[in-house]
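In structure tokens below, several structures.
Shared between the two complexes below is subunit A, which pairs with subunit B and subunit C, respectively.
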Partner chain A sequence: MKAFEYATPSTLDEATAQLASSWGETEVLAGGTDLVTALKQEITSPKRVVSLKNISALKGIKASANSVNVGAMTTLAELAADKAIKEHFPSLVTAVHNIGSQQIISVGTVGGDLCQRPRCWYFRNGYGILAKQGDASLVPDGDNRYHAIFGNDGPAKFVSASSLGPALIALGASIKVAGPKRKTRTVPAGEFFRAPKADNERETVLLPNEIVTDIQIPIRGLKNATYEVRHRFGLDWPYVAAAVAFQNKGGTVSDVRVVLGHVAPAPWASSGAAKALDGAKVDDVSAAKAGQAATQGAKPLSGNGYKVQMVRTAVKRAILAAAGAA
Partner chain B sequence: MTDNNVTSGVSRRGFLKGLGVGTVATGLIPSVAPETEAAEQRPALRGPGEIPITLKINGQNRQLNVEPRVTLLDALRNRLDLTGAKKVCDRGTCGACTVMVDGQPVYSCSMLAVEAEGRMITTVEGLGTPTQMTAVQKAFVKHDAQQCGFCTPGFVMACTAFLSSHPNPTLEEARAGLGGNLCRCGTYAGIMEAVLEAAKKGGA
Partner chain C sequence: MAKVDWPAADKRSLIGKHISRTDGPVKATGAAKYSYDINRPGMLWAKVVTSPHAHAEVVSIDTTAAAAIPGVEAVWHDETLKEVVYVGHIVAAVAARTEEIAQEAIRQVKVQYKVLPHQVVDNNPSLAAGNPAERKAGNVEEALSKADVVVSGEYGIPVITHCCLEAHGEVNEVKGDEMLVWPSTQAVSGYGNQNLAQGGGVAQNKIRVDCQHMGGGFGSKFNFELAPGAKPIAAILSKKTGKPVKLMLDRDLELAIAGNRPSAFAKIKVGASKDGTVTAFDAETWSTGGQGGAFNSGIMPYPLTKVPNVRIIGKRIITNRGGQRAWRAPNHPQACLLTMSALADTAAQLKMDELEFFLHNAALTDRPEVYREELRIAADMLGYKAKAHLRGDPKAGAGPVKRGIGIAIHTWGGLGHNSECDVTISGDGSVEAKIGTQDLGVGTRTCIAQVVGETLGLSLDGVKVEIGKNSPYPPSNGSGGSTTIGGISVSSRKAATDALNALLAVVAPKMGVAADALEAAEGKIRQIEKPHVAMSWNEACALLGKEQITKRGVNVPAESRTAKLIDANVGGVQMADVSVDIETGVVTLNEMVAVQDCGLIVNMKLCESQVYGALIMGVAYGLYEECIYDAKTGRMVNADMEFYRLAGLKDVGKLKVHLMTGPAYESRGIIGIGEPPAISPGAALSNAVANACGVRVPNLPLTPDRVIAALQKGGIA
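Right after this comes the complex of A and B.
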């Protein structure tokens, strides 16, 4: 780990002023569960680390009749234990508990989950976010068992590591961001993540001197659930995750969203799966049909074809869980 | 890796050699941080060289100088001679370095020491003693919940924290709740028996 300056601003204005306008010069520190390891591995070696721990405006959960607002520095454990979150958004609670480590969720934050860097082992071993040696990606002919099966036509082949991203997108959440000079903007969760095209880009639409401040989740009475297919139930990332949300009134389903995690460089919204379920009654048959539809367009690499079947199963089980039929 | 990596400013070996003793007498470090100075009143930008901090560990204020890059684990082990928390993966994966910060279980390898300022840190040294063990420690002994013992301090801390939030867990809940700790000897059966018994005997 290289040495760095340590900044502890107490307001957002100070914090954004202390961030550089290009990636790599400064890093934002929330819970540190990802950043501290990244610093040790020197996949980032900033001159300055800006800690958000003293900014009280970023903490806490506020529920109103129409929405729940979650401060970015809320810990994952606090999120999963919140009464309003438990009542309205079980998909988020499951996503947190599946992380499988009380030590991670007690410190890791909601904002940090969204901004954590991918787990791609080429990236973590110094080959950059595009896993390149020279001009070529190491992924297609390398060990790509955990890499993307969707959205992997471009230079990015890794999978998004966010646990909350798929559920937040399915729930129609929006992410508020603050930049220098009190500029703020609101980004729909579905537009927050992106696949970088160059080595100096990151996996979200954040600018280097912007900070996620809070997440607004509308309360719309959607049935929702997350289902993950996992190698182990202790601390690990899943092979495939599926988050679903839909209205289920009068026995038929509408307003369906199906979002996959860990299959693409960004959470992958499957409009095909959503369309397949729309208007149906939730049962084994309709859920399986949606699971099948979710696999459309998958382009597995040499070592990750197994994920296609997992997508089918994860979507089916998430739908059944959301409807309370699992 | 900070304290044994070639890129770090101070290696543990060099640090100990320089001081000539294994135990760093923190009391000898000039008291540059009066206790009245709260963390919030410190300058908002410090480092990258060593900065004075005060850590509240097992009820005692300990003053030390660290670079901002030093992890809480390295500060505990290498600067304060609290070697109960173990450095195994150093990547926030194995749980051997678990301590409690404000009552919450934390991987001390993944928290910077400077981030723990102003918070209440409990290490395994702050639990029971050989003659007055906590319920968790007693249950670990009774159920032989270790083999080589290297993961044990982390597991004891993780179990203690887990029981404080889950006073009466089922076996399934205990398995899920302790998923952040690894035992390479595979003594999980004994550990689960220990945590369930400790729960019956009043938890932590």
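Right after this comes the complex of A and C.
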């Protein structure tokens, strides 16, 4: 870790004013569970770290009849324990609990989960977000067992790490962002993530001097669930995750969203799976069909073909879990 | 006269009992000091500069910029080093007033490299170098051609690392002609070797080692070398600066360079007759241990020493990876996984129950009756009969989750090592035992107190145990090969017995009987025939006045073995019960049982703890652990605790341990336990997964990706 200046603003205005307009000069600090690791690994060495911990406007969960609003500095544990979240969005609760570490969920925040950097081991070993040695990506011929099987034809081959991302996209959430001079904007969760094309780009649409302030999740009576393929019970990453949300009225399903995690540089919305399920009655057969549809277009690399089978299963099980969670 | 022989079962007051470790409270409260906790006045922090290349010539090293940083007190580089052979190879080091300054300084050491080609791949036998080792018995080709069934398979177990919770390192303080050193080590008496003395510029007998607690070694911490072959850097820096220096590896380097267990891959053919008897075993193996030694496959078929027709060809692949070091039962876990997999596949091919198969082939081991007894006990503990099924049987489960059982057996030596102990009895009744041994967290301190207490008829609190220092404490060997318990038990027993006899000689005239008629028991010296005629321990010792009795006990392994104080060679059986989700490839351990003999058990609880610990370590390497190297960059890409996965508590399932007791086992004397139970877990798990899902997952660890690949190959998923 290199030395840096540490700022603890107490308002959003002060915070955004302290952020630079190019990546890497400054970094935002929330719970620090990812950023501190990144600082130690020296994959970022900012001149200034701007902590959000004193900005009270970023904390807390507010529920109304139509939506739940979650402040970016809400901890993952607070999110999963919230009454409204538990009632309406079990997919988020599962996603949090699956992280498997009380320490991480007690300290890690919702904003931090969405903005955390990928765990690609080439990235974490200093080869940049595009995992390049010279001009070429190390991933295709390297050890890519944990890399992307979808959306991997561009320069980015890593997988998005966020567990909340897929669930929030499936639920139709939107993410509110504040920039300098009180400029704010609202980004649909489905448009928040993106695959960087150059080494100096990041994995979200955030500008370097923008801060996620809160997340708005509409209450629409959607059945929803997350299913993750995990090997260990303790702190770990899923191999593959699937979040689903759908209306289930009168025995048939509509308004289906299926979003995969850990398969692409951004959460991967599978319109094929959604279409396969749309209009059906949820049972083993229709769920399996949707699972199969979710694998369409997968382009595994040399070492991650197994993820296709996991996608098939995760989608099927997420759908069955959502339908069961009446 | 008190005798050295171990007391009979009905006479034991401490030996063999369930006793908690005496240093539990200081560990639980954090009062126990490890190397990292040692802070000396004026101490400097050291950090190492390591090679970013897997193979390169070192062209030049410029340390001027680093040395010029305020707070940097010394920069050292290895002048003899011309070539680096793995990523992480240490080339230089700095000592500075703070850890942060040291960290900044190592960035400023400019090393110029000429990059050379590297090779880190180990799973391809055509990369092997040199003449393979070969072992032959009988005529394997003929036996295979005559066998009723021949089963061939390929199996493998990757390089893993020791993953010591406490990293390698020490605090070193060269002070005048003396060196004080607080290392994390498994060899207190042997730590101060000539190289260390040279590094600090002191005489070897002026090195004072102090290691009261240490956080895991597993075979990788016998000397000061941070990585195999590394220089005594902390000593050099302390000598240079005249100040104490703390040098501990960071976690990433600990995983990448501090030592590892060689991989082992094999193509194996087993010949067997219809009744299941193994008649031929033909294996070609390959392995890497980095630049150093690799897996010795000569001990296969393991532990079936009596298979009549055998051919083992062992190849070694030299790689630009960190070097190997002894890992808990060197060679055995690999040999066990390779052999047991091939044997279980043979049983499956014969459609023979795995337990029947092992009971039958126990005849080919050195201790058939022990294995048979242990197999039956393990089967009972697991409820084998009710759960067992043949591979591929629908009994494994109708849904996606299949259940299965796997068996493995193992052996180990464990003869007590050379050890000396001083026991001192003072006039105030206090008793002190001193040994230059170490407690690796296994309970050595507690066991010494038990043996001495038992001998003197005292409780545990009546004995003060001093260990963790070299001279002037009597020398005791390093803790490797499961040799410590035998060594320290005999040396402390002998010292305590001699000291007691000296005390009895003083007490006897006062009690008006011959010393022969007295014994020490229940905190008293009493007449053997008339136990109510007694003198309290303190009264008896008071007769010494200002005198002390100090006696040295020496364990000479061969003699003690003849005297049946210690022995070697144990057998163990383990069975695993797993569930495999064939739609996700996820393996879950439900239950694992371990049955083990180790002669006379000094402390039942600590002995069981050793087995539990070994099972947990075994589940970790069976299901999760591997050093993953990237071929192009030559780096270990998972040198962290995130993708170098270990088992958590919930992952290890239900563990059950049974230790063999009774006269037949106990009359052999004490035998080491540290290593044997870590041998079978990987093999038992692998066999259980094969039994559950119907196909062999050839390579450990049994991760979902490997399971899915095997299922797809087998046409199941």
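The rule is short, and it goes like this: the second predicted complex is superposed on the first by the 324 of 326 C-alpha atoms of A that agree within 3 Å, B and C clash if a C-alpha of one lies under 4 Å from a C-alpha of the other, contacts with A are read in each partner's own complex, and residues count from 1 in each chain.
Definition applied: a residue touches a chain if its C-beta (ideal position, glycine included) is under 8 Å from a C-beta of that chain, and two chains touch if they have at least 3 such contacts.
Treat the numbers as computed from the prediction; the structure is a model and nothing was measured.
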>> For A:142, using the defined touch cut-off, is the partner it touches subunit B, subunit C, both, or neither? Pick first, second, both or neither.
In response: second
>> Output check: A:54 vs subunit B and subunit C. Expected answer is one of first, second, both, neither. What do you get?
In response: first
> Can A:8 be said to touch subunit B (first), subunit C (second), both, or neither?
Replying inline: first
> When the two structures are overlaid on chain A, which partner does A:233 contact: first (subunit B), second (subunit C), both, or neither?
Replying inline: both
>> Contact-wise, after the overlay, does A:245 reach subunit B, subunit C, both or neither (first, second, both, neither)?
In response: neither
> Touching A:107 in the superposition: subunit B (first), subunit C (second), both, neither?
Replying inline: first
> Now for A:33: first (subunit B), second (subunit C), both, or neither, which partner does it touch?
Replying inline: first
>> If we overlay the two complexes on their shared chain A, which of subunit B and subunit C does A:310 touch? Say first, second, both or neither.
In response: second
> Which residues of subunit A are in contact with subunit B in one complex and with subunit C in the other?
Replying inline: 1-3, 100, 232-235
>> If we count contacts the way the header does, which residues on subunit B are in touch with subunit A in the complex?
In response: 1-2, 5, 7-9, 39-40, 42, 44-49, 51, 67-69, 71, 90-93, 95, 98, 101, 104-107, 109-112, 114-115, 158, 161-162, 165, 175-180, 182
>> Give the list of subunit A residues in touch with subunit C in this complex.
In response: 1-3, 100, 119, 121-122, 124-125, 127, 133, 138, 141-143, 145-146, 229-237, 239, 303-306, 309-310, 312-314
>> Quick check on the complex: what are the subunit A residues that touch subunit B?
In response: 1-10, 14, 18, 29, 32-33, 36-37, 39-40, 42, 48-49, 51, 53-54, 77, 97, 100-104, 106-107, 232-235
>> Taking the touch rule as given, give the residues of subunit C at its contact with subunit A in the complex, in rising order.
In response: 100, 103-104, 400, 583-587, 623-624, 628-633, 635, 637-638, 640, 642-643, 645, 647-651, 703-705, 708-709, 712, 717
